[in-house]
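When the chains are written out, they are named A, B, C, D, E and F in that same order, and each has its own residue count from 1.
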């Protein structure tokens, strides 16, 4: 859907096509991530470490863990996603690449979207992949696995898109790990609620389909609105 | 104790006294923190927000919350402390102040210690102050409050001191929110374990005194060793 | 040293201009923190013109350049591009602009080639051969595969400057492009600027040093 | 542009030296990423001497300076301070050294005065009056209360340079201190360097521009 | 009017039917909240005026002295 | 319309007009506040179920209801800031964020004090209103801390405007999602049961007067703070300097 949109936009532009710029930005960000390696490994490891703190701090007892498993996984995902957001625009800001992006002739919406997509591929996807393993460690009932993965697949991009706004707003600040959290966490509460409700529903009697549909709607809304807000925020921060 | 040590050191130095440099560094860092305001408010707010995610993600039921309260508070403290570490050397590195610190004629140990102290005052202490309120919201039994505060008072400086090593090691890296976590969190596990054990002991039959004594020993050890390691790490990172 | 009495005097001696007016400012006014940086500033940058922005530290050169690029909107007055307001023809304007600021826009982890592959593709499609040739011309042969954080300050600056030569754009806005360049590099950049102007482009450049560019105009911010 | 054939030639014309040898390098060798930056590099910096480090981009000037300060230990050879190894008398050495690098060491949130209060106190006790007077001398009157992030590039550089004048230290190592300074600022710094040398101090400085300092020596890294 | 008052004595009034702490804390907080949010801006106003007056005077003085120099 | 708008945007105009209005507003506030407080404390009959603690509700409901006005207010001000670049809107928004945080805090505190009597607990995660108010509080603090983190006032104005708009949407979403979540977790929330309790008409009249008083207070406090902001940001305008000189 977005590709067609991009294509559509690109026919309007006379000189250089937005779709080329979109793809080239995507490629570049993925390249940077692969070169740094840590960008990929770290959200993953952070997620694992945080999840494994719970059995240590709360209880090693499987049955009691099972009760809190869904919540623990989701909170850890939230924190991992939030921490990884820091990478999104910072180094580009510091070395001036962000200015170049703003001065490009293409709609900033697509440039931002491209950065968000590559960021999710690098930091959100690995976490989704790791989730079943951790769910197992926390003794989450088997029947909930599929829902967990589905809800994470839908939920993590929303978290990235929302986080992107906060990062864009704070990109010029020296130390912003915390202010980022303070802005992002309250905004992520709805995702957290529906994510855990979906997983819990698939354990109990209910059906998770309704929640997942709701999350899909949230995803669609944030895909179309959040990059706009991020783009506006970037323009504000750079000036 | 440290003041006497500092005084002692300072008599050795012929030209400018280490104690002056120590105090001036402390003053400067506190000044920066107060100017930024957020450095003080944010660890506090982050702590509160993260704690309040748990009832939402896990269960709003008071009795069940009480069971996990100690663990949740300690995990949140750990995360808040870790996130706030980011502030410790980053901006100094970026603007070159850290180089100036390394080139000062004073033992780096004390300079690092001074930075750690001011950092704890600004980010650790407010969290300790907020803890009882959150413990209430998580329905932690009343009898555990005192132990919780004591364990946090001893534990958070240890977390700061350990975190400082990791920050110092990663200070040159562009995006390190996560790598920091990956290094710090495993090292902080002992603190987490004894902290929660102490709180749980004060709820149940045991006595928390033993655990607290152990934590005090850890604090003493890390006060004398961690700054050394941080100093060495800084030298490595800068070169 | 910064003039506490902020009056800007635009002295474009408008004799040896060749082309049409490309970029112009009309009654520009800017203040920051209660200090008026410039007011009633007028200038016309013609096709084929090189204009040096001059002024003491803190006189507002960087600020003016960022205003012109649309990176700063805290000003009053009008900036126009071929006679019409910039904001009305942003597409055209940004398809014609190269800006190199204090932060050069070179990612530290990527190699010079990878950096240019991206930043040039924002303006037009490019091929690797041109990139590599340009890098070699700028004295970076042998560094194509080194990540940029291992390059010296001047070498990073050269990577950024390569953009000017790869994408042909009409307007160059360069904020202290000569810092960290060695004398050879300075000479080469001067030549590039001159030949760009001769082929009908326009250049606005700040530097605190004497430039060796014949026919250059000066805009003095005091 | 950077010489691909890295041979370093030290040409200190050792005639007009006044004092004892303060800092000297002996058979210094450094390579980075398999590129030899310099080898067999010898130099002597005397009391009262100003030495300009020269070389094309990427020739290793910054690297050498950081080595001398002890911020980089990836080298072979020996660096000595008044004839003995630096590491043996670090206390004395660091009590005599001012280093100003590419990153100037000025915190963005603090005001100029607050910045200097701290960074100068690392070397010796200072009083506010001296700080304020020096800032005024450097043209920063009126900016005492502005946080440094609102200062222009050149103004921030001046804040860093104020350290040189506040703490009297024997050895100045300055990495491109003239970038972003306007001509007036350049002249002033040249004068400061000269008078420092005349009073028995030593200065090592890099810059790509011609310096107007009589009796200056040049160390050429190629 | 007086008869409609719910309390027969002052101490009964203070006691609030056994919920003194809660009721009075709420009203206390409310009072602090309102007074603080009126007093703070008023106080700040005084401060601003004082500071700006001082600055104005200093500026005028400086202008006079620079005028002297120029003459 | 445009004329009116730009006139309203003029800080001078606002300063003068608000100066004229302030005495009336203050008078109205003092009267309504006194009536409401005296009525609530002295005359309100004890509720058969809640006893004298219904006196808490008069304050609580007024403050709680008012505190819901802040995000919409800030979002509107933010839109005006972003679209029309009107300085005045930002001056209002800046102070509204801090005042809104105060309001939210007082709502939470008075609610808790009420709850500690009626539910026997100070805090209850099962109530959507409490939880969403808590997150509104957090978001407002987020706006305040973003403002103080960004040093450049222009940038801060725009950034906070954007965050207020996003946050406004978000508060609504949080409210509904938490409500839903609670319905599923625990169908009967104590608050929803108790707030249906048959308070007498006196209670509601006292509350309505209190709501009026609190709104008046809100506008007075906001106007005072905005006037300060005007004095500060327009300090070089001729009329402000004259005003300062005459003060």
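Operating definition for what follows: contacts are C-beta pairs under 8 Å (C-beta built on N, C-alpha and C of every residue); 3 or more make two chains touch, one makes a residue touch a chain.
Just so it is clear, the model here is predicted, and its values are computed rather than measured.
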{"item": "Chain hops separating chain D from chain A, counting only touching neighbours", "value": "2"}
{"item": "Interface residue identity across copies chain C, chain D - same or different by half", "value": "same"}
{"item": "Far-end chain from chain F, centres as C-alpha averages", "value": "D"}
{"item": "Chain C and chain E: spacing of chain centres that average the CA atoms, whole Å", "value": "53"}
{"item": "Chain D-chain F separation of Cα centroids, rounded to whole Å", "value": "57"}
{"item": "Euclidean distance of C-alpha centroids - chain C vs chain D, Å", "value": "30"}
{"item": "Centre-of-Cα separation between chain F and chain E, whole angstrom", "value": "18"}
{"item": "Interface hub residues of chain D, defined as touching at least two other chains", "value": "102, 108-109, 147, 150"}
{"item": "Sequence positions of chain B contacting 2 or more other chains", "value": "36, 38, 42, 45, 49, 56, 59, 91, 94, 174"}
{"item": "Multi-chain contact sites of chain F, meaning residues that touch two or more partners", "value": "135, 138, 141-142, 145, 149, 154, 178, 181, 235"}
{"item": "Chain C-touching residues of chain D, taken from the complex the two chains share", "value": "1-2, 4, 32-33, 55-60, 62, 102, 138-139, 142, 146, 150-155, 157-158, 176, 179-186, 208-209"}
{"item": "For the chain F and chain E complex, residues of the former touching the latter", "value": "33, 37, 41-46, 51-53, 55-56, 59-60, 63, 99, 102, 106, 109-110, 113-114, 116-117, 217, 220-221, 224-225, 227-228, 231-232, 235, 240-241, 244-245, 247"}
{"item": "Residue ranges of chain C in contact with chain A within the complex", "value": "66, 69-74, 90-91, 94-95, 97, 99, 101-110, 114, 117-119, 121-125, 147"}
{"item": "Residues of chain A that touch chain F when the two form their complex", "value": "165, 169-170, 172-173, 176, 179, 182-183, 185-187, 189-190, 193-194, 197, 229, 232-233, 236-237, 239"}
{"item": "Sites on chain F touched by chain B in the complex", "value": "121-126, 131, 134-135, 138, 141-142, 145, 148-149, 178, 181-182, 185-186"}
